[in-house]
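The structure appears below as structure tokens.
The chains carry the letters A, B, C and D, assigned in the order they are written, with residues numbered from 1 in each.
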């Protein structure tokens, strides 16, 4: 198996892992982290595609690599905005739950009993 | 000459890797923050130092050699600072030791 | 290909609003509104120039307006391209943006002390940013540039959702952001796969080389799902109502009328322009089925709302559904070898009339809130007395949502309905009629309730300036009279476009 | 199995392991630390894929700044950690999520295996045109010439994100300083570290920026390092975070985008195309844009980490 295919498959699994985390974690910070894992997977896949495109004396296709740099910076600004929103939500409400305010949920959290 | 240098590289890098292994083992097995820090800083300082020393003869310019040495010095410096801060935090009870 | 000096207007349409953001931030203080309004005026001139130019080419060469950036032609470089769809969207968005700016003039005025305050700065800068990002979505010819445009749009929308600063709006904003980020990541993933398969991101070039194979199918599926999450098509709509209803009226109008249209437009681009030969009729049927579900569920939930702003937000969920009915209709006609243009025109008209009508409704709801001090639907007495123009606007906008003649909504639904019958898909027509019926129920309730006389001696909480009412009425009137576009001598929609049947024709 | 393949395989497995840890482990702090290690490993993967520019960016931004950001948030949110995990979804949701994630992975794996060979590539096109841009690093040529519009828009993304974060301030403290805390530093060790490290970091940041024209490196990587040095100064209490109403700050923040747009317009006048460069002046104009972007990017990246204004003016 060649390098590009290996990392391409690795990227596919990273994206799946991140997606699972995003769908199952109730904590918004974990969702943000999972989004970052998905993002890294997509970037790695693009990197593998760039590596396949080695030609004209270059070890990899420089166009995807340049786009990746843009992508990484954009992903970072998204994470920064999301974290700032989350911290502000915590400051204002004292909670980080994303669920809608319904009285049943309130009752549950006020008891704050360990759940196991 | 180049055979000798290659031998030196192999020897020094292997020794460095050994220190890293030992440090990682300590990090996983030692009971508290202080002893773990001890293990970790050994790996950083000596392990990385040996790897850098081993790689020096493989560089083809003085410039690159200086960069390698700079990396070692920076890691030494930040390692020392960070372990100090971790130890302080552990002693004042900010993190669980 | 026309690359005249007028094509530089495409660059200006994108960068002028952002330059406004930069200067607004730099000058700051109490001058933000002045900077924003100046930029809006200049931007209107730019869009006017583009439309003028497009009408000129419409009767002449009939090709799209193009601009190759830096002289580096694709696939290496990036080109901007405005066809009929882009020009229409540019125009519609410019109209909504400028009327919302007129409305917001008082709501986001600088503080008396002359000190910079948070809400006006954020509102005006984000209004400009939304405008620039949407224009970029409409004219960009490159899939990666479109990814950046989507992110710009998200980053401009989120602060507006959270402008109020209350806990629930922060929560709504965070949920919106997480949905939107996943959406743009899935879109990017699809674009990455397309680059891996065909080595270009340029829409025109891709449409020539893309083949109906597993790889392009996977890319289209991923990108579509991502964009649907951003457009809030059922069942990915749960983030929308709290996000749109919690913002100040002018911000809600921007979010509900315009921002969701950006990602919808991109779905349209992908299906009709990038990969028409990958699309299958059953995939288009699935998209429309989700749209139909959105129409039914959105309208029924809207009927059960107690507050005006939430009702209008749920009505957006339903109206988004209509936007997806055109897909099987257009592809159905194209598959049958018939002219698919009426379905496309119907879909475009639906988008534009919804943008105008929904902006009018949210702004009207804002005025009603100011007058009554609340927006409970059960108690709208006295509104018509205090705000006659606004209630007229609500009725006209509602008529457009329902689809009464001669509104834009009527013409849109008429075109879609006849496309449905012509392509033998009567069931989508039935969904449209049912949706119209449900919409008319809540529009009727709102209008009748607000016509009820107020108690003797009742005084409005706040006196609303006339020009705010006039801005709302202007929006509603444009939605209502949009149906007269049928009389227009030029068919702007088809400018620079290849008929779908030709694109699909060769295997 | 060749040594190179073995190394790649080990790297891929480690990546998956760390990502799995970051996604599945119970404690949020442990997850974030796992993610930072993941970022470092990813840097190695980039080096294996011959993407040194990307590797530098990933190390600086993906692993470094993002990790710092998430770790800070995890510490701040420690008190609600338990409550937030209470609403964990049931088994049915987990199975559905696993099915969805698994099918996406399978779809992608299938796509990866069916990518065409030989792979399409724009490398020849870049090689053909790079001489006209007068820069030696092809990635820089793409970022600042062939696809300069994307880079311009990206700086606007950063400005919008910064504004979005500022917009989360309380109305009363608008215009004030971010609440970025000064670290607890009883023995003054951080203070000492900042004094030694910052000058070295600034030199290295400048160096990475400068060689970017011809070698791996560039403004984003350099700016991130400079931003990190700035954050260190603030953390150590040597400098206070800036007031967001400061005119000087705003001028430096918008300098990059403003110069970029101006150079673009100059191009439409001199070279006949927006963001075009007249013959022989390409490098001069590219370096001008990069020089203007460096301070703006440094400040914005730092401000994104510092967060919304928290303290009133004068405090």
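Here, a contact is a pair of C-beta atoms (placed from the backbone, for glycine too) under 8 Å apart; a residue touches a chain by one contact, two chains touch by 3 or more.
What you are looking at is a predicted structure, and each value in this text was computed from that prediction instead of being measured.
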TODO: Just list the two chains that share the greatest number of C-beta contact pairs.
DONE: A-D
Task: Inter-chain centre distance, chain A versus chain B - centres from mean C-alpha coordinates, in Å - done: 31
Open item on the list: Can you work out the whole-Å distance between the CA centroids of chain A and chain D?
Closed with: 14
Task: Whole-Å gap separating chain B and chain C, where each centre is the average of the chain's CA atoms - done: 57
Task: Residues within chain D bordering two or more other chains - done: 104, 108, 111, 115, 119-122, 126, 146-147, 150, 154, 157, 161, 164, 168
TODO: Name the residues of chain C that each touch 2 or more other chains.
DONE: 76, 144, 148, 151, 155, 158, 162, 165, 170, 189, 196, 199
Open item on the list: For chain A, give me the residues that contact two or more of the other chains.
Closed with: 15, 28, 32, 45, 49, 52-53, 63, 67, 70, 74, 77-78, 81, 85-86, 88, 97
Open item on the list: How do the chains pair up in terms of touching? List each pair.
Closed with: A-C, A-D, B-D, C-D
TODO: Could you pull out which chain D residues touch chain C in their complex?
DONE: 104, 107-108, 110-111, 114-116, 119-122, 125-126, 129, 145-150, 153-154, 156-157, 159-161, 163-164, 166-171, 174-175, 245, 247, 250-251, 253-254, 257-258, 261, 264, 267-268, 271-277
Open item on the list: Considering only the defined contacts, which chain C positions touch chain A in the complex?
Closed with: 76, 144, 147-148, 151, 154-155, 158, 162, 165-168, 170-171, 173-175, 177-178, 181-182, 185, 188-189, 192, 195-196, 199, 242
Open item on the list: For the complex, give me every residue of chain B touching chain D.
Closed with: 74, 77-78, 81, 84-85, 88-89, 92, 94
Task: Residues of chain A defined as touching chain D within the complex - done: 1, 3-21, 23-30, 32-34, 36-37, 40-41, 43-45, 47-63, 65-70, 72-81, 83-88, 90, 94-97, 99, 105, 108-109, 112, 114-115
Task: In the complex, chain A residues that touch chain C - done: 15, 22, 28, 31-32, 35, 38-39, 42, 45-46, 49, 52-53, 63-64, 67, 70-71, 74, 77-78, 81-82, 85-86, 88-89, 92-93, 97-98, 100-101
